[in-house]
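In what follows, structures are represented as structure tokens.
Same chain, two partners: subunit A is paired with subunit B first, then with subunit C.
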Partner chain A sequence: MTALRTGRVSSRFGSSRLARKATPYGFVAPTAILLIALMVVPIVLVISYSVSTGSITSKDAPFTGITNYVTLLTNPDFWNAAFNTLVFTVSSVVAHLLIGLGFSLMLNSRLLGSVPRAIFRVIYILPWLFTAAIIAVLWRLLLDPQGVVNYLLQAVHLAGSPIAWFGDPGAALFAVTVMNIWAGYPFFMISLLAGLQGVPADLYEAARVDGASGFQQFLSVTLPQLRPIIISMAMLDVLWTTQQFALIWLTTGGGPISVTEMLSTFTYKLAFTGFDFSMAATSAVIVLIFSLIVAIFYVRSQRSES
Partner chain B sequence: MATVTPHRRPRKIGLRIALAIGLLAGGVFAGFPVFWMLISSFKTNTEIFAYPPKLITEGFSFDAYLAVLGDPEEIRFFINSYVVALSVTALTVVFAILAAYAFSRYEFRGKKVLNVIIIGTQAVPPIALIIPFFGLMVSLGLYNTYAGLILTYIVFTLPYAIIMMTAYFNTLPKELDEAVKVDGAGAWTALWRILVPISVPGIVSVAVYTFMISWNEYLFALTLTRTNDLRTVPVGIQLLIGQNTYHWNQMMAISILGSIPVLILFLVFQRYFIGGLTSGSVKS
Partner chain C sequence: MSNVARGRRVKIAGVALATMTVLLATACSSGGGGSTSADGKVSIDFSQWWGSELPDGDLQKIVTSFEAANPNITVNLLTQPYSTLQDQTTTAGVSGTLADVVGLDGAWVNNLVKQGALDNLSTEMTSTSYDASQLSSQVQIKGSTYMIPVVNFVYPLFTNDALLAQAGVTTPPATRDEFLADAKAISAKTSAKGWILPLGTTNPNGVQNDVMSWLWASGGSMMKDGQPDLTNDGVSSAVNYVKSLYDAKVVADGTFTLQEPDKVTQFTNGQVGMMVDSLAHITTIQKANPNLKFSISAIPATDGYTGKRGIPYASWGIGVSDKSAHKAEAWKFVQYLMSKDVNANVSSLAHGFPGNSTATPDFTGSDPLYEQAFKIYQAGYPANEFVGLPTSDQLMRDFDTAFQKTLNGDGSVSDMLSATQASWKKAF
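So, the complex of A and B:
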């Protein structure tokens, strides 16, 4: 509402100098107000929660400095969650990259006709079109002890007895990682496919003249050309994967016995099952700092490319 | 490696076979889970865990869909999702157009700071915001309301929407709107009469992106609503797990129904969407 009004006012004053100066502010006002109220303020709040005790739940939360940080960083449960997040993220990102690269190379092959290309492209994008809540429910059905995956594994004698993938402490972290790999590779694939189509054909021509085989062309032309996309995708994926919440929450909930506890579920539980909002905020700020560091590297890599 | 080149023909056939195997293996990996969701939604609940599992259902039925569509509580999840996602989309598009116009056409004090906030926002993890958001929404009286969810989602969709929209406006020559302004019309007219009508592809990308994000969101929908009459589809599906003691066919049916809007949007606007998304992510 205010947006429309400020816009109108500035246009009514037409070309007067003051109005001209004010015009851009009218246009960005709704965005600026919203982002300050619901982005800058919350970040200040979460930081202030993290340096006090009893935030939200009690009227006056006394300032306690870095006490929460000391408590949290000496808590083995926090480090368990951090370690799980690391394993989950590194395996997911590497697998996303390899699958995304493999699929995009196949889709980009000159041996593939345009109709099969279009069909496989849609099939390969499919996982991306389902939301995490739905993917979680679907994989619970697939990986159920009586489900189809266990049946197939037994049929080919890879498993002797049915495995409770999300319930077995030895299998759960692997299971949620596989699910996340399935859910997340298409964005890599789409970006790499766009990148592959942008590689100038004469680079391949030159390499062929030099006698490079297909594989050598891949190493000397394709990979270097894709490098900027791979780096930026990998960093975005690290950001997204470390923040993954719904997939874990709706399959294992962080269990069994914390083997799939991630920083996201750990933080959420501190806040909304333990109601220790101050400690949760501390954990959240640590996640935030990590994300900002990755983001800074991301922006730097973008800048050096352009 | 390099010595293979002389035998061109047989190598090509070998490559073709390898490619076909690779494509099919990839297709099974990507497509089988989705196929299984679809087929399970047409099964009866007893058939779901039949041993051995049935690839093609024998008792093909729409019962699961009818059960979902006949339950007012589940219908409510869909209504809520539509109300929230459509409101967020409309507001995001308008705000993004306004802000992108300023970013594309004006130099102003604070532009850099705002730009840093917009880019930085995308790196802020939702889990870091959920705690203060919960406190804020409760104290503003917006906890468990549509307005609270809608405002929340706009904060997440708007920054990238502005980046996409600014990139689009930047491709349009400045002379277009300058010409209108010379005629005595203001910036407001130039934006809505001239730029917006020719920016439909960019606006569609923003709208589709925004709708998908809001339709799919889970964490904030879970935390900022309490009563079932305000739950959206992603949270509603989870409630079914608890309530119905695993009516898997119904859960698969509501999953399919819950995915249809996004699937349709994607298939129709595929080209706009992927183009807009990758250009935005590469340029930003």
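So, the complex of A and C:
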């Protein structure tokens, strides 16, 4: 019996070595396959579309090298969308940070009782609970020429006639940015509040002993302690805001006269109204490259933190 | 860990890997088409948005009656809202997974034909000796039919009776001059605006329904020999006229981002006195504001015009997938929907007008406005020159953006039309 078992083991010696080597790969395989199928393949496909013409819509899509990139990068509409995206993103991220920081400091303050703090916490986080469609409808109603904002402005004589906030070329970019700021600040607020609650009290105590004023404590203790969170949040917010599509599409559609055209809406229109999937892919690849650069900085900042 | 156990793990991992590969391969290759069962019964898919706009279950009843008449064919309804179906149809056309029978908007056809996604229905008609003369219209590319309008929804002029009366207007305007005068009177004598012009670019169909409709109503055309002809006198006159309405400040605020639903809402709430809109919205308006009294009439034409008036329309169109394994059955279903009685029934349910010219909708129990609209429809002709054009949405959007600039004071109408003409030509 023992001899028989020994014989089996020795006959399987080669296969057991193979099995030992293959086991980790077997476990990794499902994840690897999913990553390849859901990430690598689509990205490679999009890149391949971007270097061809008439991809998807025609059976033969000839290779055109970097022609699409040259065409797109010399298209003033693309640069208009890129500029609008830059203004929209920078304004939104800065405002998200300032408002989020202000509200988180307020919610963390000892000056606020527990009940008002709970009430404010619920009120301030509300925008984050709404979906993009709800936010768009809400702001369209608020900023309608016959809406609440115009009524109030006219009531206090700040406006003589109703302003079509989303329809006026001079006001539309401002209006969509304000809407996006409103929709996005709670994420900063919650994250910074969590950071503030983790700042050791003895640091403030030591600062007070050294005679630091409240503002000096904020500059020398609070901000340095929040720095890693602020950097991470800002980079994530840059990525998310750059890709904002739903709010723009549901309110202005990139208009009026393209003043709210973003890279996201520009790419969508190339693909689904112009059916120029090659140029849409080119635009998407350019956005991807930009996102990758930000992502690399994000990962680096995460590594340095850890 | 024993070797046996380890070996078992490797086998499990191998099986998992193989299963996932098969699943992924299946997911990537599976089409949206129908199937044939062992007993020879054929199942076809019908993707459309109609089911979501008809009363609950009505489309299924029509399908059931078809299945009763054709026991070997089963039709699976794939109903989605219009807004999502457009993108899905485009992607399905690209990937070759279009449903056997597909509900179509005329604006999608050209691109789907370019992709080779739609079956040439002219071939099906010839092979089955189908009498195409009964069809009120067909959407053709290079002489071949790819879409048949099943139901047409026309866009007449809606006027708010109370606001017109308040402004001292007794009958709806019949000419452009009358319309401008009435719009001015409404804006001056009531709290409402005279007209609404939705030029939002999210869905730029305002160009078709609210701008070009003025051209078609006077018998004009924006096309010549299959090519854009935006610089002709008719187009110039219509676009200048719309600009004159905007400049006279008789148009509702927010034109540049307003969409069709905004137009309906503002008319329903009595914020505007007149609009050009789809008959399909009559029920919506009456449900939202049962007290609102309104009339419909033909879109005003130029002074002295006596010819037939083109009336804009949108369609519930139908086509067959070129990749369908059951084209014969799919075509049979299309013929059924286009047959005189069934087509009249679908049209009545949808409050539209039949695609079969021999069918007459049943107006029994429906609002008299429908019968009145049918008379307007019969007196004129359905006109929508965007149907079947390449990337028609993009053409409308190009026009829309250029027109917004002109309305905003940046350039003249003639410059705008010349520039848009050049931009459109690239798509042809």
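By our rule, the second predicted complex is superposed on the first by the 274 of 306 C-alpha atoms of A that agree within 3 Å, B and C clash if a C-alpha of one lies under 4 Å from a C-alpha of the other, contacts with A are read in each partner's own complex, and residues count from 1 in each chain.
Heads up, the rule we're going with is that a residue touches a chain if its C-beta (ideal position, glycine included) is under 8 Å from a C-beta of that chain, and two chains touch if they have at least 3 such contacts.
This is a predicted model, so every value here is computed, not measured.
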{"item": "Which of subunit B and subunit C A:Q146 touches, first, second, both or neither", "value": "both"}
{"item": "Contacts of A:S58 with subunit B and subunit C, given as first, second, both or neither", "value": "second"}
{"item": "Touching partner for A:L223 - first (subunit B), second (subunit C), both, neither", "value": "neither"}
{"item": "Touching partner for A:T131 - first (subunit B), second (subunit C), both, neither", "value": "first"}
{"item": "Touching partner for A:P256 - first (subunit B), second (subunit C), both, neither", "value": "second"}
{"item": "Comparison of subunit B and subunit C by subunit A residues contacted", "value": "B"}
{"item": "Touched partner set for A:F275, first subunit B, second subunit C, both or neither", "value": "second"}
{"item": "Contacts of A:L98 with subunit B and subunit C, given as first, second, both or neither", "value": "neither"}
{"item": "Partner chain(s) touched by A:S291 [first = subunit B, second = subunit C, both, neither]", "value": "first"}
{"item": "Which of subunit B and subunit C A:L158 touches, first, second, both or neither", "value": "neither"}
{"item": "Set of subunit A residues, in rising order, touched by both subunit B and subunit C", "value": "12, 23, 25, 27, 30, 34, 56, 144, 146, 250, 272, 277"}
{"item": "Subunit B contact footprint on subunit A (complex, rising order)", "value": "3, 7-8, 10-14, 21, 23-25, 27-28, 30-32, 34-36, 38-43, 45-46, 49, 55-56, 99, 102-103, 106, 109, 111-112, 116, 120, 122-127, 129-134, 137-139, 141-142, 144, 146-148, 151, 155, 182, 186, 190-191, 194, 211-213, 215-216, 229, 232, 236, 239, 242-243, 245-246, 250, 263-264, 267-268, 271-272, 277, 280-281, 284-285, 287-288, 291-292, 294-295, 298-299, 302, 306"}
{"item": "Residues of subunit B touching subunit A in the complex", "value": "1-2, 4-5, 12, 15-16, 19, 22-23, 26-27, 29-31, 33-34, 36-37, 40, 48-49, 51-53, 94-96, 98-99, 101-103, 105-106, 108, 110-111, 114, 117-136, 138, 151-152, 154-155, 158-159, 162, 184-189, 191, 215-216, 218-219, 223, 233-235, 237-238, 241, 248, 251-252, 255, 258-259, 262-263, 266-267, 274, 277-278, 281-284"}
{"item": "Residues of subunit C that touch subunit A when the two form their complex", "value": "3, 6-7, 9-10, 12-14, 16-17, 20-21, 24, 86-87, 90, 94, 111, 114-116, 199-203, 252-258, 271, 391, 393-394, 397, 400-401, 404-405, 408, 410"}
{"item": "Residues of subunit A that touch subunit C when the two form their complex", "value": "9, 12, 15-16, 19-20, 22-23, 25-27, 29-30, 33-34, 37, 56-59, 144-146, 162, 164, 166-169, 172, 249-258, 269, 272-275, 277"}
